[in-house]
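The following pair of complexes shares a single chain, subunit A, combined with subunit B in the former and subunit C in the latter.
Let's look at the complex of A and B:
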């Protein structure tokens, strides 16, 4: 389901490929991102620009991916809608993930930190 | 292997031809049933349960086309295979017969082998349909058993919930609990902790359905008044709900999967109305004062069982007499209408704010009603819990410790 695009140096931008990341597709999302990580990707950005809704299962999958990367790499988030932003705030996820307004700022910041 | 003795109706006005066909069919091991025209064939089809009809095209009263049409209009719960007998010069009629629902053709004067082959084809299809029907029946039975078990699980889950509209230590407590499936991933509790304090909590396990409900029931059994007394007070006896959530977080972070839950819990002093609460990813509650002015309670906190190192904060609020506290799971704010627009926390607050015109014990059902209207009757996609507490004025307090 996910769409990926690689930016130099070795930054992978992931678009979930669904307007809603929920119990219906959270596992598929996590499995596919886990495959990327197992394939060696360590610098990941999940761009939520086209995602309007994230439920508790979607959030669980996202945190699962973060745990999978662990200290081996980095996972940033970009393009959160205001509703998803509100959910991130209530769950303090804004303290767990590095969140950027848009994917370009996320790529730039990740590239500079390498 | 002998063929099953299936019934075959032979609709043919020519007696000679009919008797000839019937004797052939009986010899093949089937049970031939004679019909001298389409009307009789139709009646016999209903009466005998025959699943194969061999029909002449030209017949008085009701011809082969008319018979096929009538057979297709019947609602018998099984399919009737129609084989049309046609003359070699009736090719055009075959198209019409196919259009009205005939399945196969035999040209009059064909060999016995041809008739046998056609009947075998029909038999194969009938047997296949019977196998499918049997599989469906087995699946349906299995599904009914599972649903029965789930209903029993749902009843057990509901028994864990406090009684609706309880009066606990001068607080009227009402709730609505609407699972999106038969069982729910939500849980809540409200009980006296000692002579002075009341404890409450609401939990929403990530996801929904059976998987989430197992965890919610486990939490329901775990988080008792004793659990509050043991973990939600510090060494000096001061309320410390954040510690209880931290203990739960340690316990539930051990699991390797992505399961977690959100929680809102608090301890209310019945005399002063002081609330110590901790919010762990659960939506903020709404406090509505006696004048109907609502404010959000809580500005967030980490969910439970997600991050082992998460820390939790205690917060405070004052619960005045005549005021209400409304706690509502995220199913309400996230409920989308037909245009995919979420109900939103502003509308949740608006319903909470119906208080005090509407008594707090009616607020949970008001929320359910508002969501039902918002979704135009469509069931919710996530489990909903609404708990409303009203601190009654002292003159109408029935102390029930």
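Let's look at the complex of A and C:
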């Protein structure tokens, strides 16, 4: 379901490929991103530009991905709609993830930190 | 609705379209979260003992309030979210589960749960936003 695009140096941008990230597709999302990590990707940006709704299962999948990367790499978030941003805030996830307004800012920041 | 996760998403988006005019964007967001979490919880955890699980839903409007009633399948064990919800402030930030009931308690204005006939019923209420005078007159024609 996910769409990926690689930026230099070795930054992978992931788009969930669904307008709603919920219990229906959260496991598939997590499994596919985990496959990327197992394949060597460690600098990840999940771009939510096309996601309008996220439930607790979607958030849980995102936390699972963060734990999978651990100290081996970095995971940032970009492009949150106001509703998804509100969901992050209610669940205190804005304290867990680094969030950027758009994917270009996230890529630039991640590239500069390497 | 059928007792499947696929039906949850379809139903939530349909219900959201029904209530969005009355509730406005901020309350509609809270409504969508609550209904999605409540229905997902029933589909994943409320296993009916007797029959195939059908979930019934009613939406009513009264006194500037929208109420959704969710009737669990016949034969499920009672599970009152008010007794089991974790405070979202106390949940481990790296927990992958356990936020759904806390979201319902935080996002609904009133949560009620109990038996209705032979089925468990979850009722969630959402107050309609108070319109400012400018908005109240914006639809009037001279």
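Some notes on this structure:
To be clear about the criterion, the second predicted complex is superposed on the first by the 114 of 114 C-alpha atoms of A that agree within 3 Å, B and C clash if a C-alpha of one lies under 4 Å from a C-alpha of the other, contacts with A are read in each partner's own complex, and residues count from 1 in each chain.
The rule is simple: contacts are C-beta pairs under 8 Å (C-beta built on N, C-alpha and C of every residue); 3 or more make two chains touch, one makes a residue touch a chain.
Computed from a predicted model, the values in this text were never measured in an experiment.
Once the two complexes are overlaid through subunit A, subunit B and subunit C clash, as defined at the top of the document. In the superposition on chain A, contact of A:7 is made with neither subunit B nor subunit C. With both structures placed on the common chain, the touch criterion links A:63 to subunit B and to subunit C.
Contacts of A:55 after superposition on the shared chain: both subunit B and subunit C are touched. Contact with subunit B, but none with subunit C, is seen for A:89 once the two complexes are overlaid on the shared chain. Shared interface residues of subunit A, touching subunit B in one complex and subunit C in the other, are 23, 53, 55-57, 59-61, 63-64, 83, 86-87, 90-92, 96.
Within the complex, the subunit C residues that touch subunit A are 5-6, 8-9, 13, 29, 32-33, 36-37, 40, 43-44, 88-89, 91, 93-97, 99-100, 103, 106-107. Residues 204, 206-209, 258-260, 262, 279, 281-284, 299-303, 306-307, 310, 330, 334, 336, 340, 342, 345, 382 of subunit B touch subunit A in their complex. Across the complex, subunit A meets subunit B through its residues 23, 30, 52-53, 55-57, 59-61, 63-64, 83, 86-87, 89-92, 96. For subunit A in complex with subunit C, the touching residues are 20, 22-24, 53, 55-57, 59-61, 63-64, 66-67, 83, 86-87, 90-93, 95-96.
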